[in-house]
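Following: one structure in structure tokens, then a few remarks.
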Amino acid sequence: MSRVIVAAIASLIITIALALAVLERPTPTLSLPNLASTAITPGEAGVLHPITAVLLEFRSIDTLLEIAVLLVAVVVALALREAQPDGADRMGLDNPLLHAVVKLLLPLMLLVAAYLLWAGSTRPGGAFQAGAVLAGCGVLLRLAGTSLHGLERPRWLQGGRVLGLLVFVSVGIPPMLAGRAFLDYPADLAGGLILLIEAALTLSIALALLSLFRLAPPQSDSPAFPDRRKRRRA
Amino acid sequence: MGWLDLLLGLTLVTTAGLALASRDLFRAVVMFIVFGLLMALVWVRLQAPDIALAEAAIGAGLTGVLLLDTLGYLKRRFEPTGTNERRPTPTTEGRGDAR
Amino acid sequence: MNTAIDAFGLVLAPALPLIMLLAACVPGFRGRIACWLPYAAVPALLLALGGQTDAVARLDWLLFGTVLALDELNRVFLAFTALLWLGAGWHARGHLAGDARADGFRLLWFATMSGNFGLILAQDVASFYAAFALMTFAVYGLVIHRRSAEAIRAGRVYLVMAILGEGLILSGLLLAAAGSGAPLMALVSDLPGAIAVSPRRDLIIACLFAGFGVKAGLPLLHLWLPLAHPVAPVPASAVLSGAMIKAGLLGWMTTLPLGLVSLPGWSLLVMLTGFVAAFGAALIGVNQRTPKTVLAYSSVSQMGLITVGVGAALQAPEAWPVLSAAIALYALHHGLAKGALFLGVGIAGQAGGRLSGPGARGLWLALALPGVSLAGPMVSGMAAKTSLKAAFEAGMQLPAWWAHLPMLMGLAAIGTTTLIARHLWLLRDMKPGAAASRSEWLGWGFTLAASSLGLILLPWLPVPTPWPEALRALPDLLWPVVAGTLLGVLAHRYLRAWPIPAGDALVPISAALRQLRIAMCLTLRALRRQLRPLGRRLSAWTEGLRADGEQASPLEHTARREAGLIFAVLLALMLLALTMG
Amino acid sequence: MSGGEALSWLLVVPLLAAIATLLAPGRWRGWGSLAALPLLWLAFTPVLAAFLHQGTLTTPLGGWSPPLGIALIGDGLALGLVGLTLGVFSLCALFAAADPDPEDHSHLWPLAWFLIAALNGIWLSGDVFNLYVGLELLGLAAVGLVALKGSAEALAAAMRYLLAALLGSLAYLIGVALLYAAAGSLALADLAQLDGGDTTVRVALALMAVGLMLKTALFPLHGWLPAAHGGALPAVSALLSALVVKASFIILLRLWLALDADPLAVVAAQAIGLLGAGAVFWGGWMAWRQARLKYLVAYSTVAQIGYLFLFFPLITGTGTDAARLAWDGTLLMLFAHALAKAGMFLAAGNLVRAVGSAQIADLAGVGRFRPLSLLSFGIAGVSIMGLPPSGGFTAKWLLLQSALASGQWPWLIVLMGGGLLSAVYVFKVLRHAFVEGPTRDTFRSPPTAAELAALTLALSSLVLGVAAHGLLALMRPDALSAVLEGAG
Amino acid sequence: MSGWSPVNAWLPLIVVGTSLVAAAGIFLLKEHRHGLRTVFNLSAAVIKLGLVIWMALGVLDEVAFETRYVLVDGVSFILRADPLGIMFTGLSSLLWLFTTIYAIGYLEDAPNRSRFFGFFSLCVASTVGIALAGNLFTFFLFYELLTLSTYPLVVHRGTEKAMRAGKVYLAYTLGGGAVLLLGVAGLHALVGEIEFAAGAGLRDLDTALNPVLTLIFVLLVIGLGVKAALLPLHGWLPTAMVAPAPVSALLHAVAVVKAGAFGIVRVVYDVFGIEFTWQLGLLQPLAWLACATILYGSIRALWQTDLKRRLAYSTISQVSYIVLGTALFGPVGTVGGLVHLLHQGLMKITLFFCAGNYAETLGVHRIDELDGTGRRMPATSVAFTLGAFGMIGVPPLAGFVTKWYLGIGALDTGMAWVIAVLVASSLLNAAYFLPILHRIWFRPQRAPWPDEHFRDCRDTHPWLLLPTLATATFSLAAGLLAGMPFSPLYWAEVVVLREYLP
Amino acid sequence: MSTDLFFAWIGVALCGLGLFGFIVHHHLMRRLLAFNIMGSGSFLLLVGLAQDGRGPDPVPQALVLTGIVIAVASTALALVVLRRWYRVSGESSLPEDV
């Protein structure tokens, strides 16, 4: 119980400190929104939706690294599976209702994803949201026990997961070769390139999220502790 | 800021508290999903529809599914295989609940 | 002889023994060297006989710049020393035949000889001390040559005392040299002057007097003498007693500020010491059981007399020129006579039946002759004693009691005579050994001759008293001999020898030392016992520190488990610190 | 190229390499990575040349300059660290590629490349949120590398590490939020304009500092480190100890200098210094008590991190001289420790491989059979102990001088005591290795390349001791003096 | 002479480097390449000796040899050949040659020779570095390197005993190093870079700083005193005796103890300046400390039954002569101290070689096993005798020269009590050496030798015997020919005349 | 008080709450929940404070989007590791001592 009290005191202190910080905050002199809105003009930026512009133009390196973070998570999951092999994946609820729902819902979700992707450049939406919806599709399919044999091939999967980052980086390189900064796309091509990147990102994000879902040890596999199982030889 | 905001905010804090304090881990996870959905609403109130969408899809949806899936995995009872010294205590929710 | 030859001789005299020593290390030369053993002393002898008194050899590259020179004083010493070494060398050549350890003996013989000549000739402090040390250490091997238990004991006592002496000498020399003009390359001849004016004069004199006194056999510093002489081989004891104890005397004569200042206190002390030695040694000596021990005590006694002379010079600086000559003469006289006596012991021991057979009388006479000389009535003895007496009398402002000095000397001569009588008596009782070889006879004979005719052989000797006057003093010299002989005969008849062990005072001293050591050991052990619990606790503590296991401490547990909590606490602290600041 | 643009290659090449290794089959990844290393160096060379020619390099990524966009800033410190990263990584890669590990750890390669990308990003970035992303990338890649073995121990270590990293990042993120609210910008250059006395800024700084301290494993927040660094593969441990923990430290250092122009933070700086002192002693003590070789080395990292944090008391509120010395000393310590610790971990890996046991007590006799590995360990130990002639010593010397110049003599005790304590544990290993007891004859020999990699790292930590002058002159920022003027 | 000045600038570094290169080469050689290693070792030693002799001649002609390199701001790495440095360098390189020859013979068929010779060369490199160091920082650099390179030599045998000795050794030397570092750093903070030159600007400091300077001096002396085995800090030395004989020879005669003593000389003369030290009132306590050590070491030596341990305690005692000479405020005492730096090296290395010979040839380690060794090993025994008498200070051997100069120097300073210490020490030396000599020469062999080798050699293996005889000859010559040019005494006088007398 | 500022306050509360949960719980799932709640709080703080009185600001919003993806990636990774850990050890919290 004393732990709880200590923890409460500690978090209280932090809360108070944060509160003080909020109360006493100075007024900033800079205003990024203004800067952004002046920057987002059809001639300058490839996209008009400010958030997408921030994500894929002004602070594109953040996004690029973020995709890398996602990818790293997947790689770790893959590595762990390799180090600790799983049995067959027999997950799935054999529920006809679910199958029906999936059949109905799936096209709709795909459509939503496509819309979100497309809308990204001007309106709310974008690669992340689309990717998440797409990943949702995958989760549903998995819950329903449907296996997409085409996508089960590791090589393809891997390619899909990597694609986003690869496209992102590759698009960034030509400007550099032309003597400009990394990711400094030419203004006239910016719109198209960003769409390309977004599309690739959508696919990759979806696959990555799905993989993270699937690469955890499957429910059907019996636990392997203690850790004395023979490793699979390379 | 209106009543709606106040209500939303309080609910948010309450669900967060429930998610952290529930004895039942399942309930905690469910509360967390609710919390995520409420967060999406908050983002709408904060004029951030993009985040709202993402929060709904990713924060609440995917994270929730992942958590629930893991929960199911952790709920499984295991027969100890072979001779291990450290036998796990099979409980319904694992250990370490709100001490 | 011209200077070049003199210089060569000066170097060769100490160097030849060393060269022969090195040659003896080469197996091929060993036999020949053994044959030439006596002749190592020849250059020194030639130098002493034929060299010019102001010959100098400078070897700047050696040590701090070595200077060898011949002057009036050391010429006398060199002369009798060389004679003695030659004679003893002949004796040794024969004596060593068939000795298993002869090789080692020869090496040490050469080393000792070199040191002895070197210290006589050396004029600079460093080489003087070097030669002195060489002689001191090398002779140890000669003393323990027999390796018997007594020999080892005698060697140990000798070594301890000799090293103490070396230490005293070194301190004295250092202190004295520091006051001289060139302390780093001081000449021996600078020292007396420096000492005379030094603020530490008494300390220096004490150091040097005691330091050289070890060699010269001062009372209480003499302990090694009666132990070492009997156990050493005969030729070794001959040079030991005849030549080497004179090194101490030479040391006094060259370093002490004799003839420069008058030091009545020191004079009294030194003379008293001398008399104590002269009489005490005689008293102890007559109670000894072996002839060589008796002779050793006799040496102590004689050196006591010489010490009296030195003491006199401390009182009367102006008498020093006369005294020094007299002392040198006495040293020569005693050195040769004592050498002959010691070699005689060897002859007597090995003469076998001849002591009682035909010609025994002549032999006895020959054996007794140096003794008689020692007591006074012979040529050299007479010269020495009379000149000493004359020197005493030559002092100008004497203390009144100096008038009794001749009488005291006469009493001492009684003691000497008694000792000689005792010596001869004991010789008679010696178990006869194997026959002496010709070389041994030669050595003895040579030394005997030198001792008897010494004064005639060395015409340049400074004899202060002209002959006729010396002859007039003959009665003075004779009565103690008669009295002593009488006393000896009576004593032999009616008195039993007291069981005084050789090395007299050594026995109680070493017993006391042993007790002291035991007490110290006990104390230390008790101390250690007291400290042991402490040490055990300490080591237990360090054992506790040593840990190879990975028992994580509570702090480490907390750090692993409660990262979040610690995080929060630190955050709070940090906030506090930031706002405080 | 004008140089500035070339900075981006330092990010791009590792990312591309990561992608390539992900796509390549497992058995090609190691050698493929080695083939990619020259490219990385090739990217670095023009950058360095340009820097030497024209000073600090800047490139606005995407063509957008701060505060709207993010710029990569190649100042001396950043480039020095990039060089360090490249050097250490090259040798660790060589070690890992040469490692005839029976178990397949091919995922090490993409993770390692991501790690390098994250590190380079952190060194070069001038934007606090970008740093956050970089930290996350770094943290997850590092966690992945720790978990690579898949054993229970590795998983627990990884989990612990992950939780610590996440908590630390969150604290940092909250700090970012506060700073953005206060400054309206995320660029470090703009943040420097803030008034350091502001409550918001102080709370932000405190949060970020503690978060970064957690990530740097400063005592007593080090709980995650020993298991993570001690249990991982040797090459991974080397990378983690040498570089990863330094990333958060460098961010803290930059933040401290940017935000804390006012001398009132002295108390906080002293507090951090105290924690550093605690780390030095506690880490050293625990290292001594370890029975397993790599855990000993890991605890040694805990101890050495403590030295780095002496920077704060030595630079805050002290004179210009002391501050400059502290700057030089800390950076040199960082470099020396990176090289030495990497060498030490690799050497430890070789030794463990040679005797087939993780226990120090089993090292008996290894000195005779694997002298080179032991020598590498020893040489690295020299730097760790801070004995001359090594980088560790020169660094310690500078810190000593700084402590004396600022009159803060208690830190002398820390520097001295820490050195002695480290000698105790380093020589504990050597002592066991020199024992010629019951000799065993079964020593497996690590590949020569692995031994040479360890030796090279160790030797370079030694050489650093005599070649520090140029490096330090290169890394000393012009801005530092300005900051210090203000502080002093 | 200016034509070859670039060479002059590099020469000190090259001299240090020869052994470093040798060390590196030897480390890289495979264990079984004995021949090549021998070639490496000997050629490096000979080259180094040659270079040092060249440099020594140059120094006599007042040619400046200096390597200078900025390490970090305000700290330089300076190697410079001044007469004092050259003196120590010459000793080290000369004895390195002999010890290398000796070690090759000693370690025949022993394991870990690569390691041994590698660290051995490293050890010499550090010693030469210490000798040539031009400032306190560089000195410290090599001083610590010496600690490191000697540790593997001390624990070379790898036995439990050796390990314990190594531990003790490290505890002392690293602790001392830390204290020294504190002192050096403190001084550096006060006056900046401290190049070795009399006074070094300390005199001009505010007198209010005198307590601080005193503290720093104490720290420096403690740090250096550990290696020099001054009284309370000597504990490591006898324990370190478990090392192989060449190591103990090098440790005791040249490298370690001398490094400490040399450092004290440097601190007193070149950092503080003798006059300033005198003004601070630090010379007297230093002299007391040295005297206490001299007596203590000798007394402890008396109780030792192991030959090498007795020699070790003798070293403790003898090294303090150097310190004592330094602490005597006057040129003569300084000469005495400096000359003992060389003399003690020559004599002690001879003694240790002999001890090694006895151990290696006959398996004799304890003193009571020495009976009769003189007959079996006459040449070794003669060398031992020379060394022992030299230690006692019997003229005309080297030790006497030292004692004489020290004594005169002490009297010049008015410290007459030092004479008593010197004499007492001589007596004690005699007390623990003469019984050994007695056993060697005058006692018959008692029992079969514990572990006899080289039965077909008259004395012992030539590789072992030659260096022994060579050093014995040198120590004899050093005393006997003290008045000659290029003798140790001559060098010491040159040092004092050039550097410490105005 | 503007909506933005209000939610910033909510963010502060969530941060405190999350930290409390993170400290108190040992069960790894709960700690992850706490972490996510704390993360949400920090996002609210970021956007709320930035937008207070100045209207919508795309920059923090974009940052939050990035943050969310990172959070989900971290959470997912943590869950993977957790499941693997659970599988080999049978524990759902970390051992007190490795």
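Chains here go by letter, A, B, C, D, E and F, matching the order in which they are written, and residues are numbered from 1 within each.
Rule of thumb we're sticking to: a residue touches a chain if its C-beta (ideal position, glycine included) is under 8 Å from a C-beta of that chain, and two chains touch if they have at least 3 such contacts.
Bear in mind the structure is a predicted one, so any value in this text is a computation, not a measurement.
Undergrad: From subunit B, count the fewest steps through touching chains until subunit F is reached.
TA: 1
Undergrad: Give me the chains shared as neighbours by subunit B and subunit E.
TA: none
Undergrad: What chains touch subunit D and also subunit E?
TA: C
Undergrad: Quick check on this structure: which chain has its C-alpha centroid closest to the centroid of all protein C-alpha atoms?
TA: Ranked by how close its C-alpha centre lies to the overall one, first comes E.
Undergrad: Could you work out which chain's C-alpha centre is the most distant one from the centre of subunit B?
TA: C
Undergrad: Looking at chain pairs C-F and A-D, which one is connected by more C-beta pairs in contact?
TA: Answer by contact count: A-D.
Undergrad: Determine the centre-to-centre distance between subunit A and subunit B, using the mean Cα coordinates as centres, and give it in whole Å.
TA: Result: the chain centres lie 20 Å from each other.
Undergrad: Based only on mean CA positions, could you tell me how far subunit E sits from subunit F in angstrom?
TA: Averaging C-alpha atoms per chain gives centres 67 Å apart.
Undergrad: Roughly how far is subunit C from subunit E, going centre to centre by Cα mean, in whole Å?
TA: The computed centroid separation for subunit C versus subunit E comes out at 37 Å.
Undergrad: Please report how many Å separate the Cα centroid of subunit D from that of subunit F, as a whole number.
TA: 27
Undergrad: Would you give the residues of subunit C that are in contact with at least 2 other chains, written as numbers and ranges?
TA: Those would be 552, 560-562, 564-565, 568, 571, 575.
Undergrad: I need the residues of subunit A touching at least two other chains; which ones are they?
TA: Residues 3-4, 6-7, 10-11, 14, 17-18, 22, 25, 31-32, 36, 51, 58-59, 62, 66, 69, 72-73, 76, 80, 84, 126, 128, 209, 212-213, 216-217, 223-227 of subunit A touch two or more partner chains.
Undergrad: Which parts of subunit B, given as residue numbers and ranges, touch two or more other chains?
TA: In subunit B, the residues touching two or more other chains are 50, 54, 58, 62, 66, 70, 73, 78, 86, 88, 99.
Undergrad: Got a list of which chains touch which?
TA: A-B, A-C, A-D, A-F, B-F, C-D, C-E, C-F, D-E, D-F
Undergrad: In the complex, go through subunit A and note every residue touching subunit C.
TA: 3, 6-7, 10-11, 13-14, 17
Undergrad: Show which residues of subunit D lie in contact with subunit C when the two form their complex.
TA: For subunit D paired with subunit C, touching residues are 160, 163-164, 167, 171, 199, 202-203, 205-207, 209-210, 213-214, 219-224, 227, 264-268, 270-271, 275, 282, 286, 288-292, 295, 360-361.
Undergrad: So in the complex, which bits of subunit C are touching subunit D?
TA: Residue list for subunit C touching subunit D: 547-553, 555-556, 558-564, 566-567, 570-571, 573-575, 577-581.
Undergrad: What residues on subunit F touch subunit A, complex-wise?
TA: Listed in rising order, the residues of subunit F that touch subunit A are 5, 8-9, 12-13, 15-17, 19-20, 23-24, 45, 49, 54-59, 61-63, 65-66, 68-70, 72-74, 76-77, 79-81, 83-84, 86-90.
Undergrad: Which stretch or stretches of subunit D touch subunit F in the complex?
TA: Residues in contact with subunit F: 129, 133, 136, 140, 143-144, 147, 150-153, 155-160, 162-163, 166-167, 170, 173-174, 176-178, 180-181, 184, 186, 227, 231.
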